[in-house]
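Labels run A, B, C and D following the written order; every chain starts at residue 1.
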Amino acid sequence: MDVLESGVGEFRFTDPDEVRSWMRTHKGREFVDKTVSEAEAVGRFVADGDYVSFDFSSFTRGPLVLIREIIRQGRRDLWYCAKFTLMESTLLAAAGACSRIDVGFMGLGDTLNRAVEEGKIKVSEWTNGTLTLRHLAGAMGVPFLPTRALLGTDTLKYSGAKVVKDPFGGKPIALVPAVNPDVGLIHVHQADVYGNARCFGPGVSPLETAAASKKVIISTDEIIDHDDIRKDPAKTTIPYYMVDAVVYAPFGAYPGGLPGVYEMDFEHFAGYYAQERQGNLKAYLDKYVYSVGSHLEMLEQRVGLARLNDLRRRATVKEGYR
Amino acid sequence: MTKDDTEAEVMIALCARLLEDQKTAFIGFGMPQVAAILAQRIQAPQLVQVFEFGAIGPTPLTPFVRNTMGGPSNCYRSIAWTSMNQIFAQAQIGLMDYGVLGATQIDIYGNVNSTMLGEDYQRPKKRFPGSGGANEVASYCWKTVIIMMHEKRRFVPRVDFVTSPGYLDGMPGARERAGLPADTGPWRVVTSKALFGFDEDSKKMTLLGVLRGLAPEQVVAEMDFKPLVARRVEELPPPTEQELRILREEIDPARTIIGRTAKA
Amino acid sequence: MDVLESGVGEFRFTDPDEVRSWMRTHKGREFVDKTVSEAEAVGRFVADGDYVSFDFSSFTRGPLVLIREIIRQGRRDLWYCAKFTLMESTLLAAAGACSRIDVGFMGLGDTLNRAVEEGKIKVSEWTNGTLTLRHLAGAMGVPFLPTRALLGTDTLKYSGAKVVKDPFGGKPIALVPAVNPDVGLIHVHQADVYGNARCFGPGVSPLETAAASKKVIISTDEIIDHDDIRKDPAKTTIPYYMVDAVVYAPFGAYPGGLPGVYEMDFEHFAGYYAQERQGNLKAYLDKYVYSVGSHLEMLEQRVGLARLNDLRRRATVKEGYR
Amino acid sequence: MTKDDTEAEVMIALCARLLEDQKTAFIGFGMPQVAAILAQRIQAPQLVQVFEFGAIGPTPLTPFVRNTMGGPSNCYRSIAWTSMNQIFAQAQIGLMDYGVLGATQIDIYGNVNSTMLGEDYQRPKKRFPGSGGANEVASYCWKTVIIMMHEKRRFVPRVDFVTSPGYLDGMPGARERAGLPADTGPWRVVTSKALFGFDEDSKKMTLLGVLRGLAPEQVVAEMDFKPLVARRVEELPPPTEQELRILREEIDPARTIIGRTAKA
């Protein structure tokens, strides 16, 4: 099983035994109340230089509350995993919070593209699917998983994948290395105080992201009784022992939507696009991040209850989201 | 193109016509979504759309809501809601008949670039968003349809960066030699002026049809390489009244997608 | 990435491109009514010599209706995948239907063990986990998946796994080959006529088994409207295009239970155990398989409505099973 | 052992005492299930049981229902219901503190045989059911507890077949060299007469405790190899009244599990 080709991209890889050792000692199996403010969660669990992963999208069930808090606290040199990414990678880059990106899809608008052209951001090339597969490998505790994507392309060349000859069938196949992010950020519909969490609707990879990540911050639109979790165990997306912090954050996905609960704020995104095109994301960040002390203050002072009510009102499709 | 059709409307209508009923189709973000909904409203009501975040078989509500690919309108009344690893597994195992993708740049062998222009990967002349899920779709689906604006700079002899695989260097069996699934590859390229396929032997892009009112030469003149030309080039009817009515009144009255025209 | 060790066990492996080609041409994407009797399903989709896989257990949500029909129709030389297996592998062996077994767990009682001792059944050695992982590989369309199980043991030596040096981290790791069974047999709580199917409760691998198998027979305790599937897409365990036949079979898991619907029949199993210990499974098979023409006849004439009602009555725990 | 305790009751009680509250424990079929429930009823109400078919954290209803490991009683009020690949992934990544397994035969290095006796794999002298999920549990969990009848033929110098890995040949780092997860391996062996651990350096089975009323020599006499003996061998109290009451009245009044005695 010779290595036929190796991508030249730099990549984050942690030996599975090192990951196991972390999971043994840092992921408490105790039933303790993990609810904290977004400020405390980010303060305790996101450090400069961390590799950060996110689920699912800035438009849909994304932990935007946590992204804004990371920016507010001035984190630097994050290595950001841009799988199914949109607004949040752009905001992190505009704020100077991240210096490296694993590219699945780059962001919303040209800000990030320009930053790469100017050499301000270093990138490695992947795809949405292979970045998600790397999380699955990380979540399975194996060093790699095989895939028939990437092959034959420059995407592979600038990734960290390797091509080997399959020892069973003899054909070339790509192996992608596991990734175990330092931090996983996931917004959910419901969680109990211990961190048992439920996401409704399709999703990119909430469970893989939670299982693979060394530190996991959940933001949730609702806190539910632990007993409710036990009444419908099939609904549990993430078990509590994978979770380090639970941030109670109604409208935590704002300006994105939470399916069945509130719609995305189109007007907000229109304003964002306009400022992004003008290269004026500083003003956007000032308004929605730096000039407010918390998510709650942002919602109250920059969005307002009438708008929030309207976003909830527009979420008329409830089927399947409970 | 009739005088008031937009280029987007033409591309979308031409693409929608390619999608058969009761087939599975892996649908990319934006224009492919609108084309798939149009196909469902006309000849393919039971087209099984599949999205990379895991929705299978939705019947999207209209008006189409731009951006919320994962939202309730777009995922309405699906057959199943899964996840990205699950849905790419299903594509990898050969369950997806079509893949429908947008692209920034393409070459004569159908290789797609949505990553960058220039020589230096770390300092590109121009950087684009990257693969998203396109590499997987172009690798796994049986018939990949690529939908793009017909602009000279988009049809180049050799892409600067192969983001998603076409027929690679065009040599027989090149995809299979690389390890890609057998018998896959780009099947059609739909533009605002024409429809292309790929020659079975040479794997070169081949002009199959041109929009009514255009000559093949006019179409080829706006490409930076010379495609092969089919012995008989089909005349493609512009969007029908029914197609336009559905697009304009039902699917995208705000014209966020169908209003787009070439920048060139 | 050298191969450090190769198990000597024979194993079923199908080139992923051959599997793809099958999935393209044999798995219809048409919405057609696939309901057939168990006799027709087995008649059309199970052939002598097939590799057969099963989910979940003979005690819980197993497709026993299909196993009995396979025996009734006299299939021979099946290669049976004994992952989380119990009664059904024993019955198949006692009936002379299977000649090879991939061992996860052998069966219920000593019948099968004796058959192996006497050389009547050939075996390869695996584990519940690695057989299930082989199905996942088959369901993903990749030729193998890595695992840190099997290593260092004789189980590996008599399996078809290979040990390689991980090209990323450098440690030895086992690779198990994909399996794509000829036939997958799965009992479900609910299905529509197209084959969209729902299983409730935990399960071994209903989706992996359905996705990996070339031919899939679903037996179901209920047929539901297609529209119901679309009202709650998160509940769909198996999408219709993976399914070849839908057998409407209330009490299809009998004598096992269907969680939330009916309990297993303890008295029946007690009788089975007694006959198994006496080496008299022929009498058991005569009574429950050969002497009756169908599942319905077996239920009516050998079990009776009073017993069936009682098994339903005992299933008082409903939480989570709908 | 008090006169009317069964061997099963002793093994189950000794095993249950080892399980800490608010830890995860991968629980095998049969006796380990009863031990885990007993632990939950005494010192470990929030022990998170995990089963190989994917249930996480159930609070089983009693009376314990033999055989229906996957049924509603045993999976009652779980924290999550998943699948086998998912739950073994969680074990492989290091989230499972304990694994509790039954075994047919064991050797001085804790290697477990549940596959066969004899030399010829295809024609064994005696065939057993095989690994089930035991190989994974013994490979992945941090501390594996093996529970077995104390019979001479079960404690052999070298098992005929290593189904699930102990410390292999006992050489330092043997498990890690084979590629198994670091710092794992058999932690305790619980029998109807004694409790064993494994010596940190030699990896040999070590007698840690004997049931009240038994001498270490009596215990060792019923083994086909000589284990190491701890400097101070603990006296293990037989099942308490509370343990017996819960076992006999609440968990297993039909005595399907707790009624078992050695065949020897």
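The rule is short, and it goes like this: a contact is a pair of C-beta atoms (placed from the backbone, for glycine too) under 8 Å apart; a residue touches a chain by one contact, two chains touch by 3 or more.
No experiment lies behind these values; they were computed from the predicted model shown.
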A student comparing C-D to B-C should find more C-beta pairs in contact for C-D
Centroid from C-alpha atoms only, then distance subunit C to subunit D, rounded to Å. What do you get? 28
Determine the centre-to-centre distance between subunit A and subunit D, using the mean Cα coordinates as centres, and give it in whole Å. 40
In whole angstrom, the CA-centroid distance of subunit A from subunit C equals 37
Which subunit A residues touch at least two other chains? 16-17, 141-142, 147-148, 171, 173, 201-202, 207, 231, 233-234, 319-320
Among the residues of subunit D, which ones contact at least 2 other chains? 55, 75, 77-78, 81, 92, 140, 181
Would you mind giving me the full set of chain pairs in touch? A-B, A-C, A-D, B-C, C-D
Subunit A to subunit C touching residues, read off their complex: 1-3, 13, 15-17, 141-148, 162, 164, 166-169, 171, 173, 175, 177-178, 200-202, 231-234, 319-320
Would you tell me which residues of subunit A are touching subunit D in their complex? 16-17, 19-24, 27, 29-31, 138-142, 196, 207, 211-212, 229-231, 233-234, 236, 239-242
Interface with subunit A, subunit B side, in the complex: residues 51-55, 61, 67-73, 75-78, 81-85, 88, 92, 115, 121-136, 139-140, 161-165, 168, 174-175, 177-181
Show me the residue ranges of subunit A that touch subunit B in the complex, using the header's touch definition. 56-57, 59-61, 82, 84, 103-107, 112-114, 116-117, 119, 122-123, 125-130, 132-133, 136, 147-155, 158, 163, 171-174, 201-208, 257, 259-260, 263-264, 266, 269, 315, 317, 319-321
In the complex formed with subunit A, which residues of subunit D make contact? 22-24, 46, 48, 55-57, 59, 75, 77-81, 86, 89-90, 92-95, 97, 140, 142, 181-183
